[in-house]
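Naming follows writing order (A, B and C), and every chain is counted from residue 1.
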Amino acid sequence: MAKPILTIKNLTKKYGENVIFHDISLTVNEGDTIVIIGPSGTGKSTLLRCINLLTCADDGQIWLDDLEITAKGCDDDRVRQHIGMVFQNFLLFNHLNALDNVMLGLTKVKHMKPDEARVKALRELERVGLADRAEHYPGQLSGGQQQRVAIARALAMDPRIMLFDEPTSALDPELIGEVLEVMRKLALEGMTMLVVTHEMGFAREVADRIVFLEKGSIVEEGPPDELFYRPKHDRTREFLWKITELYGKKDENK
Amino acid sequence: MDVAKFLQYIASGTAYTVGVTLIALPSGLILGTLLALLNVYSGKTSKALTNLYSTVMRGIPPIVLLFILYFIVSGSINLSPFLAGSISLGIVSSAYQMEIVRGAILSVSGGQMMAARAVGMSKRQAIRNVILPQTLRLAIPPWSNEAAIVIKDSSLVYALGVPEILRRAQLISASTQQPFLAYAAAAVIYFILVFITSRLLDGLEKQLRIPANP
Amino acid sequence: MADWLQLFQRYLPDFLKGAAVTIELTVVGLALGFVVGILLALARLYGPTWLKMLAIGYIELFRGTPLLVQLFLIYYGLPSLGVTLSQTISAYLALGLNSAAYQAEYFRGAIQSIGASQMTAGRAIGLSRWKTIWFIILPQALRLMIPAWSNEPISLLKTTAVVFLIAVQDLMAKAKRAATATYDPIGSYLAVAVVYLVMVIILNWGLKYLERKTTIPGFEMESKKA
């Protein structure tokens, strides 16, 4: 029996008068990988930020396991420890090397002893294939390597769920593969993931479900095959067609 | 006046000048950093108040402020002119240092705060562990400039009767009847102090520089 | 507070007289600094090596020592070399020579941001080196310089406040007199602080206006590092 890890119910977010998204409901079960797609400006990033409490939703509720994290008096910082987040532009701490980037949360938030934290951080770097780059500063790493360190940094906190916000869209094409490879591995290991991406190859292969978001609401969701081959809405078909044109050329040729 | 006495005068005057600077500069840095943090990370009221502080303090000549603060400080606690003057000079400098630190905070991208919060750090932890370490590095070059200004402004406590270099030069000039040489010697000492300080801070900046920072 | 307002009111005419002197000092210092500053910048950029070194030495010395020391050196020191100047002239000279060192750096920044291509262009149409500087480089540099340079008048206005220490009757000297007469130093210095603040704010507005009037869209200096 699948156990829901993240439950979103009737979530609405506005910036002033501007409604970003409206009445979004979504459940992510343990071990699932959910991919969110949709045109830019539809509120995908905002949705992830709401889930991570980096910004407040205006209406609706979110549960992490059985805890309602949108409830009043909920400890934001504690919640964020259990939700990993990976950003489009990596956002590594510029003044720290890869190892210290991963260690900082462990020592300052989890209050681990430095020795333990170091061992754990090295293990996480190993997991993303960067143990040999531990001493490198962000400026000395390629984009793909920086993003992998960012993933290790999030993983180190042992999150219940990982959120990815277009993790490869700031990368040069030849660097995308290494990041997707790490994410694929995570999915296989059973990590629960919510991923915003336009990498259709990844979505088709790894996602349990794809959610198509447009103009602030969910147009359609379902398993990849269903969305790709039997979409219920024309808009889904059009968007997927456009996106495969743009990003998926290589896939088509295979 | 013999040479030994002359040198001893100069040395003790230099010690006072260095002392004033070593009190004023760090106290201005601490106060300025607190003000900058209030300005950037607190509510609208703190922003407005700290902006007002900055505009007013930077709109008044340092020597006028120094006199006002000196009379307030020495009127409320019993301090020597040296201490009262140094603290007052620190307060004068705080408004300028606030602007330096604020500029540096704003040039650390907002994403750094978001990333720190996403790992589960509180705002306070994020400021301490992520924002300030980057900010203070960025602030070193403009801060080096401010350090030179504070060394030079330390000459203002001359007017409060603190026996720093300029006051010593005045005494020497009176007793030797060589005013040009006396003040030229004072100028040389200030110049050396400013020069050494800026070299030291240059070195510090190089040492702390983040490798290959984009 | 009522007492303070009374003090302010009683001494206002005196303060205004002092403020006039302060403004004079600022204007003369700025003008002298402007002229000497241009010469220094040109010497530093285009002069023969010895002149370059001289200009650099001047700029570093004047920026590396307190104005107060420079003032004392001129007013108390020069007489022993046979040059005796009045208090006011000494103050003008100290402020102007000091400001020149700072203004020179603003000029240099502006001239360097124009770059060598304008010099080449000028020489290519047959202008001499100095004519190119005068007719091509300087007119552009002066415009480019305004945003950065507009710090200098305010900074100079504030620095003038030390000249009362050689008994020039500026605004600060009036404050000292009021302080002695009223036994209320805090009140007196606060009063002139207000007058200085008002002058600085008005000057700031004026300079912002000048800046807006003289910007040429798309023709700006590389934004300076924070």
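Of note:
One rule holds in what follows: a residue touches a chain if its C-beta (ideal position, glycine included) is under 8 Å from a C-beta of that chain, and two chains touch if they have at least 3 such contacts.
Small disclaimer: the values here were computed from a predicted structure and weren't measured.
Ranked by how close its mean Cα position lies to the mean of all protein Cα atoms, the top chain is B.
Averaging Cα atoms per chain gives one point for each, and the point farthest from that of subunit C is the centre of A.
Separating the centre of subunit A from that of subunit B, both taken as means of CA atoms, is a distance of 45 Å. With centres taken as mean Cα positions, subunit C sits 22 Å from subunit B. We define each chain's centre as the mean of its Cα atoms; on that basis subunit A and subunit C are separated by 56 Å. Of all residues in subunit B, those touching subunit C in their complex are 56, 59-65, 67-68, 71-72, 75, 103-104, 106-107, 138, 141-142, 148, 152-153, 155-156, 158-159, 166, 169-170, 173, 177-184, 186-187, 190-191, 194-195. Taken in their complex, subunit B has these residues touching subunit A: 108, 111-112, 114-122, 125, 129-130, 133-134, 137, 210-214.
By the touch criterion stated above, subunit C contacts subunit B in their complex at residues 60-61, 64-70, 72-73, 76-81, 157-162, 165, 172, 175, 185-186, 189-190, 192-193, 196-197, 200-201, 225-226. On the side of subunit A, the complex with subunit B involves touching residues 52, 54, 77-78, 80-85, 87, 89, 91-95, 104-105, 108-109, 137-140, 150, 153-154, 157.
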